[in-house]
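In what follows, subunit A forms one complex with subunit B and a second complex with subunit C.
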Partner chain A sequence: MDLLYKIFLEPFVQMGTAPDLLVQTLWEGMVGGMLYALIALGFVLIFKASGVFNFAQGIMVVFAALTLIGLHAQGIPAFVALALTIAVMFALAWSVERIVLRPLVNQPDIILFMATFGITYFLIGFGELVFGGDPKTMITEELFLPKGSWDIKMLGGFVSLQKIDVAAAIIASIMVAVLSVFFSKTRIGRALRAVADSHKAALSVGISLEQIWVIVWFAAGLVALVTGIMWGARSNVSFALEIIALKALPVLILGGFTSIPGAIVGGLIIGVGEKLGEFYWGPLVGGGTDSWFAFVIALIFLMFRPQGLFGEKIIERV
Partner chain B sequence: MNVRHLVFGVACGAMLGVTPLATTAVAQDSIYVPLLTYRTGPFANSGIPIANGMHDYLAMLNERDGGIGGVKLNIEECETGYDTKKGVECYESIKGKNPTVINPYSTGITLQLIPKAAVDKIPILSMAYGLSASAIGEKFPWIFNPPATYWDGLSMIFRYIGGKEGGLDRLRGKTVGFIFLESGYGREPIPLLEQFAKDYGFNVKLYSVAGKEMQDQSAQWLAVRRDRPAWMIMWGWGAMNPTAVKRAAETNYPMDKFIGIWWSGSEDDARPAGPGGKGYLTLNLHGVGANYPAIHDIVKHVVGKGKSQVDKSKVGENLYNRGVYNSVLSAEAIRNAQKITGKKVVNGADVRRGLETLNISEARWKELGLPEFAAPITAVSCADHNGHHAAYMQQWDGTKWVKVSDWIVPMKDKVRPLLEAAATDYVTKNTGWPKRSEACDKQS
Partner chain C sequence: MLYREAGQYKTSYQADQAVFPLLQDRVGLLVILFVAYVVIPLTGNDFLINAVMTPFLIFSLAAIGLNLLTGYTGLLSLGSGAFMGVGAYACYKLTTYFPDVNIIIWIVASGFVAALVGAIFGLPSLRIKGFYLAIATLAAQFFLEWSFTRVAWLYNHNVSGAIEVPQRTLFGVPITGPNATAETRYLIVLTIVVGMTWVASNIVHGRIGRMWMAVRDMDIAAELMGIRLLPTKLLAFAVSSFYCGVAGAMMVFLWYGGAESTVFSINQSFTILFMIIIGGLGSLLGAYLGAALIFVLPIVLRFVPPKLGIPVHAATVEHITFMIVGALIIFFLIVEPHGLARLWQIGKQKLRVWPFPY
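On to the complex of A and B.
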């Protein structure tokens, strides 16, 4: 009985007696969710264009953030460093297309997937060689990102909103909206979907596969840069940041690998779900649920919608 | 077959034949000290300064003194990435090269190497980490973990808390939070924490941080805000530490009630929190700063000559000095082994004896060029592979660590019986665990 009470009643009693903490948990979940959505977006863009799961997305986040900090450390003003980092991410996209993807056109997806492992290990080694393994502090002030918090008194307590989290949520929303419009309303967006369906068919109607791949890898690089700045501002920038890419996996399972809105909704569900789960039900199992709770949510969804919430249902003739 | 191929084949054969001879020649002329380090991966921020400190002290002995007892040290790093699997691979790759002592620098790797050490006759030095119970020399003759175990560390933290509270009995009915990295390391002190909770009547709240959550921790600190623990204790590592200090500050948790173990006290752990990190406390085992003659020698002979990977401004930082301390223990054990055996080139079995007779008095610390650097190491023996030495509390003042307590001795009366029980339990669970056959030296 005691266990049933702790599972089904106590958390809701806690929500009722300390509503400020519930609001705080929801807020933390939403911020986390938006950031997960940003990472997931990087995966989605490349998956849509090539049908490949880009294993290198996590290290791209670290690489972009370290490049920005590294350039600034050389005395380059923050916004010039930001522009140069964008140029570096373009160069990376171009190199990936030229050196890795182009020779692999029409190869099975698994080959391309394995190639992204190669990109990952190259970027880890190259990044450590150039920037070292020391943690770096994100140049938040130089980029005019806010510091501190707003403590809002409400519901008999207070809710603390970190200004950087608010900025992260706003910037992530804008980024997602712009990319959604770009890829759904423009010619490039349609070309991208065509490439995702069939490389050969896309080539036959005159779509430049090379161009599309450079564009999506560049877009994924930009998303990685924004993600790196935001996550870096919340903690610091080190190679540990690469691990957070794993948090995007349940988001992708939930939202679908090909849907930009799916990445956002999936991110929010996972973010809020794992925070609520850890805060209210975590103590029942000794805590630390946030490392696996997201996967449980994703698995439950998978049972009912294998293609994810917004994923395209694949119907194959047999 | 033409003559060219024949000549090429003979040359290759000759090279293959000569190479082992050359290796043996090197091995006979030097003392091999492998260092399992991690300069890459998610824990590199903690691993790099330690690796630099460990390497630079040994390199300084080579440059300044020509090694130890006139024998050069052959220092070789093997990158583990703080990954247990890679660490074991490193061990397997170096165990045939006559290593004198293995420094795993990871509790996970240490736990894997413990059963191998007795078989391969290679001593493991897990300095203030690893399996606390391996302090029992009777059960673990090849494992050493001076100067203090994690359980000693926890008991020292509670001594400090008791001092601030006006007695540990004042904790009755209060809550003590424990935030830890979800790993063998993080979970190591929990049995003693639960024992203390029973003894002193406080509640324990555990906040586990998985590797993937190291840079987030928002749910954990939200729970801290809900539970309002009177004290928070941290067993963190790598990116977990700076994030925890930042989150604690954001949660407005009183920083002078937040205490980390000695592995959570790097400058880079406290610095990123900015002014919010002021007041954060951690245990420390040794002095911080570069103002020691031995460290001046490191700068002169190693760093200044470009033979180190360290940035000069980081020499003397806490974890750099931790690495130096680790290498002092290795070097003193080698020196002891030379003294006991009368041999110049010692092996693992000799250094095991050297570790069992380790004695670094206050005067010896001074001789080493590290006056008052650490508490004297006087209690390591055949029976006690740890010694349960003292540590002190340091506090972050916003820019640097400041010593805020005298040396705190661990609660040996509480810790030792629990260690003995844990050692017996370990041996019972590992069927066929070998009985100690190694004799004890007189000095121990």
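On to the complex of A and C.
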């Protein structure tokens, strides 16, 4: 009885009596969820255009952020370093296409998925070799990202909004908007969608698969860079981020593998759900629930709707 | 020339369907077993036995377990590390409560606990497959890993949060704990691994194995042929987790001598997955080859450069190992998506027709 009370009543009483805490938790969940969504966006981009489930997206985030910091540490001005990092991400996209994807064309999905594991391990080793394994601070000031926080008085308490989080939200929205326009309006965007529908049909109307793949991997690299900067600004840049990036997977399940809005909505649901769960129900089981909460939500969700919120219905034929 | 079936007539169905139909294969297997049981314990030093052979065998067993699930049944799992953990913690709790029962019995019995947990987390596999299932098994991985740290009962409320292996004996000889010699532990691990490999080989060559492979190749078609999907898939999860659980229990009791939850992290799952990818999906031999490559390669990398007079920093070696493992995965997928086991088969085929081209 006591347990039931603690599960079903107490948290809501808490929410009611301290609404400012609730708003704060919601806000933090949303910001965290947005960052998951950004990583998930990278997954979706590549999955849409090549059917490859890119496990390396998480490490690409770390790699991009580390490259930026590492270049800046060499005395290169911040924005030049940013441009150089973009160039590095392009080089990465090109070499992935040339070395990994091209020889593996027409292999089953699972083989390509495994190949991205290989990329992940290679990048972990390479990144640690070049930049060292210790956590680094993101160069926020040099990139003119705001610092500090706004304390807003509301609901009988204070809600504190980190300026960097607000900036991250704005930048993420801009990026999603740009990507949506890119996918639906431009020539390359249409080619991308054609490739996603059918490789063979796309090839037959003269779309170059190789070029398209370099472009999507590059786009995913750019998304990774933005994610890396934003995440690095909130905490440090370290290889632990790679494990956190796995949280993008439940986001994908919720949103569906092929939907950009799905990635965003899924990210927000997971972020908010995980923060609320940890803050109000976590102490009941000893805390630290955010390591698995997202996955369990996704697992339950999968039981009822395997194709995700916005995914296309899976129809199987023999 | 030497490796050829010419002259070996099969006069019964039993001989025709043998796992090793060729005399040369059987002799080769006996030689390997002889080396493993007699030569290595007699000639090997502690380092070879304790730091190379024992962990290699344990990882092979875990890889066999995952291979039964991923390679034979086609269900991708990223939770094998956690299932190893279930085995280890179950064994620890069982031997705490019943210290008089022989530890080897508990090591094998802890596999059943892992099998139960595995079957529970395998329940979603009926509705979801492929990447989605992989993510569902990640839920198992993270949830179990979290339990290993947060549920104090599992590690007997130790302050350190780690499990420590008590001393247990077999016929008066200590086999676990600090007093057990490397050779004893190696021989026990070897016996368990050989026995369980034999069982696995019989499973995959029998009705159950064929059911699993039918489900892997096309589950809808398999269902139409009268294979009930849910029991088949759950059985695959249970057997796979059983193998992983025993491997995990052996890892802590016969190799590490104590462990924290971090041993069974997601990286452990990935390592085992790499072993079966590189070794070959759907092959028991592949599990051994993959474990040998992935586990032994870092050791070789650590010891070869100093021998050649090249000073290399330990951390650098680790980073380079990561890069090489990553590159190897890609290399093998490109050259031979079916892994080392397929290369071995191709080699055997070449050997049979040698010196003729075909």
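The working rule: the second predicted complex is superposed on the first by the 315 of 318 C-alpha atoms of A that agree within 3 Å, B and C clash if a C-alpha of one lies under 4 Å from a C-alpha of the other, contacts with A are read in each partner's own complex, and residues count from 1 in each chain.
The definition used in the following text is that contacts are C-beta pairs under 8 Å (C-beta built on N, C-alpha and C of every residue); 3 or more make two chains touch, one makes a residue touch a chain.
As the structure is a prediction and not an experimental result, all values here were calculated from the model.
Peer 1: Overlay done on subunit A, so just call it for subunit B and subunit C: clash or fit.
Peer 2: Aligned on subunit A, subunit B and subunit C clash with each other.
Peer 1: Which holds for A:F79: it touches subunit B only (first), subunit C only (second), both, or neither?
Peer 2: After superposition on chain A, A:F79 lies in contact with neither partner.
Peer 1: Touch test for A:I99: subunit B only (first), subunit C only (second), both, or neither?
Peer 2: A:I99 contacts subunit C only, not subunit B.
Peer 1: Which partner does A:T137 reach: the first (subunit B), the second (subunit C), both, or neither?
Peer 2: First partner only.
Peer 1: According to the stated criteria, A:I110 is in contact with first (subunit B), second (subunit C), both, or neither; which is it?
Peer 2: Touch partner of A:I110: subunit C, not subunit B.
Peer 1: A:F12 contacts which: subunit B (first), subunit C (second), both, neither?
Peer 2: A:F12: touches no partner chain.
Peer 1: Quick one: classify A:I124 as touching subunit B (first), subunit C (second), both or neither.
Peer 2: Both partners, subunit B and subunit C.
Peer 1: Which partner chains sit in contact with A:T25 here, subunit B, subunit C, both or neither? Use first/second/both/neither.
Peer 2: In the superposed model, A:T25 contacts subunit B only, not subunit C.
Peer 1: Have a look at where A:W150 lands relative to subunit B and subunit C in the superposition and call it first, second, both or neither.
Peer 2: Touch status of A:W150: no partner.
Peer 1: By the touch definition at the top of the document, which applies to A:F295: first (subunit B), second (subunit C), both, or neither?
Peer 2: Touch status of A:F295: second partner only.
Peer 1: After the overlay on chain A, which stretch of subunit B ends up in the same space as subunit C: 4-12, 22-30, 40-48 or 112-120?
Peer 2: Answer for the clashing stretch of subunit B: 112-120.
Peer 1: Following superposition on chain A, which residues of subunit A contact subunit B and also contact subunit C?
Peer 2: Residues common to the subunit A contacts of subunit C and of subunit B are 124, 128, 133, 243, 246, 286-288, 291, listed in rising order.
Peer 1: Please give the residue numbers of subunit C that touch subunit A in the complex, ascending.
Peer 2: 76, 124, 127-128, 130-132, 135-136, 138-139, 142-143, 145-146, 149-151, 218, 220-221, 224, 266, 270, 273-274, 277, 315-316, 318-330, 333-334, 337
Peer 1: If you look only at subunit A, which of its residues touch subunit C in the complex?
Peer 2: Touch list, subunit A to subunit C: 53, 99-100, 103-104, 107, 109-111, 113-115, 117-126, 128-129, 133, 243, 246, 249-250, 252-253, 257, 285-289, 291-292, 295-296, 298-299, 302-303, 306, 316, 318.
Peer 1: Where on subunit B is subunit A touching in the complex?
Peer 2: That would be residues 39-45, 47-48, 182, 205-216, 218-220, 222-223, 225-226, 238-239, 242-243, 246, 250-252, 268, 271-272 of subunit B.
Peer 1: Quick check: in the complex, which residue numbers of subunit A touch subunit B?
Peer 2: Within the complex, subunit A contacts subunit B at residues 14, 18, 21, 24-25, 28, 31-32, 124, 128, 132-135, 137, 149, 160, 162, 231, 234-236, 238-244, 246-247, 274-275, 278-279, 282-283, 286-288, 290-291.
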